[in-house]
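One chain, chain A, links the two complexes that follow: it is found with chain B in the first and with chain C in the second.
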Partner chain A sequence: MSYLEITDLHISFGRHHRPAVRGISLSVGERDRLGIIGQSGSGKSVTALAVMGLLPQHAHVAGSIRLAGRELVGLPERDMKRLRGDEVSMIFQEPMTALDPTMRVGRQVGEVVALHHGEKRGGIHDEVLDWLGRVGISEPQRIADSFPHELSGGQRQRALIAMALANQPGLVLCDEPTTALDVLVQRQILALLAEQLADRAAIFVSHDLAVVRQVCRRVAVMLEGEIVEEGDIEDVIAEPQHPYTKGLIASARVDRVAPGEPLPSVADYYPGAAT
Partner chain B sequence: MTLVELRGAEVTYRRAGHPFVALRDVDFAVDKGERVGIVGGSGSGKTTMARLMLGLQAPSAGDVLVHGRSIVDLPERRRGFLRASASMVFQDPNSSLNPRMRLRDIVGEPLRSPVLAGRIAVSGRRDEAVAEALGSVGIGPEMMDRFPHELSGGQRQRVAMARALISDPDLLVADEPVSALDVSVRAQVLNLLAAEVRERSLALVLVSHDLAVVRHLCERVVVVNEGAIVEQGSVAEVLEHPQHPYTAELIDATLSL
Partner chain C sequence: MRHVTLYLGAGLIGVIVAMAVVGTFWTPYPPDAVVGPGLQPPSAEHWLGTDGLGGDIFSRLLSGARICLLIGIGSVVAAAVVGVPVGIFSGMVRGWVGEIPARLSDILYGFPALLLAILFAAALGGSTWTATMAIALASIPAFVRIARAATLQVMSQGYIEAARVSGTPRTAVAARHVLPNIAPAVGVQLSVSVGLAILAEAGLSYLGLGSGPETPTWGRMLREAQTYVFSAPQLALWPGLAIAVATLGFNLLGDGLRDLLDPRLREIR
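What follows is the complex of A and B.
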């Protein structure tokens, strides 16, 4: 039995049940890191939000999401709230919107730590500084005393990673955690994630296969709400089976195309791709 | 012939009460028909350089020349010619296109500038020019009355290109034109950008941290770090044999499949 087991998950929205996820099944082992690749609208982020129990009210969810044997579909919000942070947490794309702009960073990390500490508030401050240090922030005290807008993009993402990890959740969901960062900061954050996620389960959602490859050993390719291909990430890159995956890989290899020659696009391989 | 030139350009902001130097003593020039990449990390000053070239921002010290003419002290009413000489494509079409305007008005807007309005005297001709600009980026005239939210991400960025090209500029400045787009649509937008630049013999300034894209589209590259140019030269020379450690680090951090 895997740590996370998704079976025949269907998600649709609104009165007309507009489908977003069409019967996917996935499993993630206790120390397994799974990448989910897909274009916008493929259903990858919606799947992650369903695991977090963060879908909007007008979403219809059918099928099963079991986390450590416990069914999450239909779980009351009160119980889901307890799981979030403790069992499962999420790192979002844009740390500026995920952090509260009016609250000092240290207090925001402290609130997450306090959830775990329960009644005894002592030691929270030290634990906050400890976590900020563990995610590679060199002056934890100064950063703890700062507001989010006073931090660089990389520092904000590190603070968010500290918040996601502070309660040692068994599963961490990452939704495009480096898309808003430049290549140098991206490399640091990917190295940090690979190190910090090594001993837990993780799902890494992205549209960029080269990024996912830095953190995950396994990848599922989503298209129009379905998983069209899944396997060891190196195998998928070496021998993609689905035309969409082939296009994704060909179009990412800008460095292999001679200057002046047109770049291959995903639509050349799979006509239904985004435009 | 030099189109745009920065001479000893310096930009200083006040940040949290302290002066912060965004750009220090930068000399940079783009010649007619030349394709130059400006690369660097976030906060390196590369976007500030682009904004100076278009007169979207004034330097704290130094000079900006367009067609040999200083634009630094030029009053707003005499800046019209800038619109006809250079345009910009921004990173994120979701924020650079007005969500409440139809494509017809978004793409036609530059033609309201007095300098360009002279070229297109009758309003009927204006629609024609808009349709032609949209057509050149692969968007049909039946889309003219749509709003940006009715388009895909790639289509939105193509609309931003149509708006930049309708003024028939000599120079196109593109600031990370594909980094906010899905990987699956990047190639289409880049191919279109390359084709337009080639067919119109445009000069291109491509601001990016993606070295593979710069290598593909540009002949010359300028590497910026902490507000200063640390290395420059031909794309082949700089990217194959970087001299500055910062350039080497950028190359090393670039992921490929």
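What follows is the complex of A and C.
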């Protein structure tokens, strides 16, 4: 049985029920990593938020999200709160705003550790340093004593990853975790994620097929709230079925374009995508 | 020079605080006693002269500084203690539950402080306590508003979502993430409100709705000077000047703090 099982999930917003997700089904195994590719507004981030139970109040959710056999759709906030951090956690796109500017990094990581540790405060300090070390921060003590603005983008994202992993959640949702980083740091962070997520379930949301390819074996392509293609990532890249996927792959192969020729865009393959 | 308003405000407040400290331990004459003939001009014995009843103006001014600061700061701190948590609550809780306290405080905003004080004085009799309570009550809405606005802004930040994702309880989010991040805005409001509170207290004392005759507040001194405003206008000068310095000091400090803490200005430096 899969760890996360999404069946016929519909999400719409507001009084007029504007649809954002139209009946998607996904499953992620216990040590499985699934990439979700799609452009802005395709519903990929909304799906991730629905799994976390963090959708705004005016969202309407129908269908089923089962995490380790437990139904999450309609679960009261009180029970959902207990799952967050322990069973499922999330890594955000923006390392600049995801850390509290008034709090030292070590305390922020420690806060998450303490939440799920109950009362024994003693071992927290060591555990924080241990986690900072594990996510590849070379001077854990110095970084723990720093404020977020004193850190580089890569260090902040590492700290956030430590916070997301600190309680050993079974499922980690990554919402474009490398989009705000430069290419070199992006590669280091992807390597770190591939290593840290190896023994848990993960969903990796991105608009960049190349990024997803480094971390995931399976990929689902989302377009206008539906999954238009799903499968082994190498197969999808080798033989894309849907015109939108073909466009995505063609537009990523800049090296095949002769100088002076216009770059291929997704719209050449799938006119509906032009927005 | 950078932060002129901040230093000027702090300097003016420093003068008032020094007067209050000195006045607590020493005054040239007892502030509430007749110490000589009335309406004397400034002299070596009475530095600022004497008032209509023969009290030493300088002594009364010194002793008035303490009560002015106590009422001003006390009422505003009380207002902040009530208003800030309400504002944070109303900013964090979505939907109509969060709206209710904000709208109630808007209604309270509609009542002028003076009207509230007259109500209080009519019901409980004029005293230092009723004046403090009336000013505190009238200062609450400003704190609810500023705390709510700042909280709404903070709640849209990524670190709040990150805290929720890791399962942090709401009260912990409020205490550890929201409060420290709205503290600058609240600090500015504290300073501005103290200035307004001192002015309000003077106004209430002037109308006889504040402290009793045994307490020489600056507003009461102004009221007593009124009788002699044509024959001895200098009687109104000194308490008026003291009220102006105190109010201006706290307002300048508030403005200076705002400039210092404004994140948009901080980026430029």
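The definition used in the following text is that the second predicted complex is superposed on the first by the 273 of 275 C-alpha atoms of A that agree within 3 Å, B and C clash if a C-alpha of one lies under 4 Å from a C-alpha of the other, contacts with A are read in each partner's own complex, and residues count from 1 in each chain.
The rule is short, and it goes like this: contacts are C-beta pairs under 8 Å (C-beta built on N, C-alpha and C of every residue); 3 or more make two chains touch, one makes a residue touch a chain.
A quick note: this is a predicted structure, and the numbers were derived from the prediction, not measured.
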Quick check on the superposition: with chain A as the shared anchor, is it clash or fit for chain B versus chain C? fit
Please name the chain, chain B or chain C, that touches the greater number of residues in chain A. B
Let me test your reading of the model: by the given contact rule, A:I227 touches which partner, first (chain B), second (chain C), both or neither? neither
Now for A:P262: first (chain B), second (chain C), both, or neither, which partner does it touch? first
Where does A:S251 make contact in the superposed view: on chain B (first), on chain C (second), on both, or on neither? first
Examine A:I124 and indicate which partner it touches, taking first as chain B and second as chain C; both and neither are also allowed. neither
First (chain B), second (chain C), both or neither touched by A:C174: neither
Is A:L9 touching anything from chain B or chain C once the two structures are fitted on A? First, second, both or neither. neither
Between chain B (first) and chain C (second), which, if any, makes contact with A:I237: first, second, both or neither? first
Could you grab the smallest C-alpha gap between chain B and chain C in the overlay, to the nearest Å? 10
Which residues, counting only chain B, touch chain A once they are in their complex? 16, 41-43, 152-155, 182-188, 190-191, 194, 209-210, 212-213, 215-217, 235, 249-250, 253-257
For the complex, give me every residue of chain C touching chain A. 94-95, 157-159, 161-169, 172, 176-177, 180-181, 183
Complex contacts: residues of chain A adjacent to chain B: 39-40, 150, 152-153, 181-187, 207-211, 213-214, 237, 247-249, 251-255, 257, 259-260, 262-267, 273-275
Contacting residues of chain A [partner chain C, same complex]: 52, 54, 56-57, 81-86, 89-90, 92, 94, 96-103, 108, 111-112, 115-116, 160, 163-164, 166-167
